[in-house]
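The first chain written gets the first letter, and so on, giving A, B and C; residue counts start at 1 in each chain.
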Amino acid sequence: MKAWLPTILRGLLFVVLVAFLLSPTTFEPVLKPLVDTNAPAIYNQGSLLDLTLQHLSTVFIATLVAIVVAILLAILVTRPFGAEFLPLSRSLVNIGQTFPPVAVLALAVPAVGFGEKPTLIALFLYGLLPIFENTLTALTNLPRSVMEAARGSGMTNFQRLMKVELPLSLPIIVAGIRLSVTIGLATATIGSTVAARTLGEVIIAGLQSNNLAFILQGGLIVGALAVLIYDGLSAVEKMLTRRLGIA
Amino acid sequence: MTEVFQAGLPFGLFPGGGLKIRFDKLGIVIAIIAASGLVFSTFAVLKPNRILQGQAKTILEALPAWAGYGLLILLIAAIAAALFRTSPWIKLIAAAASLTALALAIGYAAGFLTPAGNTYARVSPASGFWILIFAFALLAADALTRLQPPPWMRVLFLCITAIGIAALLFSGSWNGLSIMKEYAGRADVFWTEAGKHVTLALGSLFAAALVGLPLGILCHRVSSLRAGVLNTLNLVQTIPSIALFGILIGPLAWVALNVPGAAALGIRGIGMAPAFVALFLYSLLPIVANTVVGLAGVPREANDAARGIGMTDRQRLFQVEFPLALPVILTAIRIVLVQNIGMATIAALIGGGGFGVFVFQGIGQTAMDLVLLGAVPTVALAFAAAVVLDALIEMNSRVPNGVSAA
Amino acid sequence: MIEIDAITKRYDDNTVVDNVSMVIEPRTVTVIVGTSGSGKTTLLRMINRLVEPTSGVIKLDGEDNRAIPGHELRRRIGYAIQGHGLFPHRTVAQNIATVPTLLGWEKSRIDAKVDELLTLFQLDPKTFGPRYPHELSGGQQQRVGVARALAAEPNVLLMDEPYGALDPIIRAKAQEDLLAIQKHFGTTIVLVTHDMNEAFHLADKIAVMDKGRVLQYGPPEELVRAPETPFVETLIGDTERPFRLLAIAKAGAAAEPGEAEGEPIREDKTQQEALADLLWTGRSALPVVSASGAPMGRVTLDALLKRATRPSGSAR
């Protein structure tokens, strides 16, 4: 019974989230006490569902590109050819993480203008780091005995990469993706300050009109998405780990 | 092809020896970036006023001939230093010289380009300048990575850089630049907001450490508490910062109204209070989680021996567990501090002040130089904090894991 | 003297140590052997109260070990464990100084003690004192671990699988050192191990434990001659029995008057070594000499074979 509780709670969260997005007005009575009598309790400057999908697709596209680039880069610097770049790439990851998201967002504006693009750039750069870092960690910490066995059984470099190194690294890479998506979901809200269409719009509208209901619904939708995606990816990670017999 | 790139024995300025010239792979990348900054991009922009589009100028257009050619020759020499396998020190010096020259040149260009007596015209760095800065910063980072300077030396380098930038600022050689004109117009506000920014970032970190460390120790000792506390703090992290800042407005406004004395302490619904509380809440997870991980990572034998030879629980905590967990806890402090410095910019959205004020005002007015006035100090602050704390972490972890011990 | 009286430790329904009573004589080496899960470590840890017993009493020199707070008790008793348990953030000298510092000794006295112990363990104080544990080899770390346990001059030293992580050659050396140091300080040593050879090598008395009970407690010879349960017999090993008997007796004890050819053996070597020498060189007798080289007669193959034969009156 106790073991099922978290799963049931998550299912419930998902159902409530979907219900809220499909028919926000049903929930109006819940949010009404938070606002002045004549202020709207449900976001009325656009469809919440639309914004949510927009939000998700922005994060999805940025993360997808980040995954491809990060893994390719990590593979490159762990091959003998790219070994020279390994130390520097570690330092760059370290330095890159000190750039605040708002700064990246704001600094991207002069280069690409307002709207979706600076948000995508910021999300991509921010998403890149955790995935790259994790892939690098995984690829450089593979069990020596397994690597020796792979070489010893006559695999080519490419076969070793595809059949041994990457599969073994997968759980840690997925952990990086999970981190990157969670950060991305939250960072995307800031994208609204540079006119990207994300759920941040709802929150900022709430801040501007002093409407707590707006702030809360915007924040909670993003929070719920983050929790669900985080848990989903955690489950994938656990499954992969178990399949590899690491845990 | 690969033959040429193999590292040789270092002797003289061109390690690798022989007559064969050896290229540095990263140097090639840096050279390509720098060359594209030199050839395909412009160095500075002259705008009729702070908002309008401007005319782009190349290095030779933006500077008088002697300075323009001088800068070009210096940069090409530095690119050469990057391109070949030379000592990292030479690369570092080349990078530092280039960065200094670029910094001086952009200030000089501002004075040179602004028509005399025109107070509306603005000169800003253009893409080429930023690309060159990026290329040589990369070169410097690579040289530093290869030199593996000890922690104190890294902090020394940071201080030298800070003093250099301060000298440039005080000498007035950047005063012609648009960003400095933005600053000149709001010098007082700038320092007030800077103060608020630092207060928010450091204050919330301090408060989080004060609460998080004991909470972490408690979670370590009482395992039944651990999952609950960590999950709750994890949940807090999923709420986007803007929303958390906003959500806290309500409760804090209530506290200000209903708790006597709270308002006198500066607790209000909007302003610094909700920002402070939000940053505090975000900071708790890394501190608590790392304290737990750090304490759990203390070797079992060391703990057993400590008990076995007669240490009390308190002695064991302060003499064995805490010193051994310190690097991991310091890592959390670093994460939190860097994260807080960045996130404090968002406080501006709820009237909490900080450098974010300039960033969001700048976005609102599409005045990018104003955005820079907020963003550049934020990045610099976060970077400096990271360097200093990384050095601290290394100094503290040198002994126990033995990896970097001499 | 350590008197263990009807000591029992239960975790929920699981009895780990079951009504154990034994008396450990002062200035002897007592080895507790058993398989993993036999309760031997728990028994050891109840002596310095790292584990509190469910029932029963342990007295040290007549005093109940619960008379003073646990941490003060432990400062009086040396404690060395497998994997040494040195504090990685403290130097070798600081590690050894831990207990004297806790006890508030004067600095000069602490320094002198650290130097004395390092020298005793054949580690140069100047070279090794300022080093960190990770800069030492496994054997050196183990020696420092024992030195730390002895720093406050305890009467009793508890050792939990102290040599488990060492390779055989270094382990043999460490065991020799331990015996020498035990003679030097006259410490009462209680050592836990699962290695029967180690037990026979070190012990004045061996206690065999299984499933929380002490099956037999006595001198090594008695365990071989008269194992009280099949488990003890198995632990000693069918094929090892004769050699164990020879291993715990000295060559001098088997010497008889007479002459023999070839390389002599010293009287303080074991009879097992004498047998090995005989077999390997194909001789039927070899001369025995004292430590100073004076002839003491000879040891014959026949005599040794007789000594390795099942003693009359033993169970099987």
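Side notes on the structure shown:
One rule holds in what follows: a residue touches a chain if its C-beta (ideal position, glycine included) is under 8 Å from a C-beta of that chain, and two chains touch if they have at least 3 such contacts.
Fair warning: this is a prediction, and the values are worked out from it, not measured in the lab.
Under the stated contact rule, the graph of chain-to-chain touches is a line, running from one end chain to the other without closing.
The count of contacting C-beta pairs peaks for the chain pair A-B. Centroid to centroid, with C-alpha atoms defining each point, chain B and chain C lie 58 Å apart. Between the Cα centres of chain A and chain B there is a gap of 22 Å.
As a whole-number value, the distance joining the C-alpha centres of chain A and chain C reads 58 Å.
Against chain C, in their complex, chain B makes its touches with residues 299, 301-302, 304-312, 315, 319-320, 323-324, 399-402, 405.
Looking at the complex, you find that chain B touches chain A at residues 2, 5, 24-26, 127, 138, 141-142, 144-146, 235, 237-244, 246-247, 249-250, 338, 341-343, 345-346, 349-350, 356, 359-360, 362-363, 368, 371-372, 374-375, 378-379, 382-383, 385-386, 390.
Listing the residues of chain A that touch chain B in their complex gives 34, 81-82, 84-85, 87-88, 90-92, 94-95, 97-103, 106-107, 109-111, 182, 185-187, 189-190, 193-194, 200, 203-204, 206-207, 212, 215-216, 218-220, 222-223, 226-227, 230. Of all residues in chain C, those touching chain B in their complex are 48, 50, 71-79, 81-89, 98-99, 102, 132, 134-135, 145, 148-149, 158.
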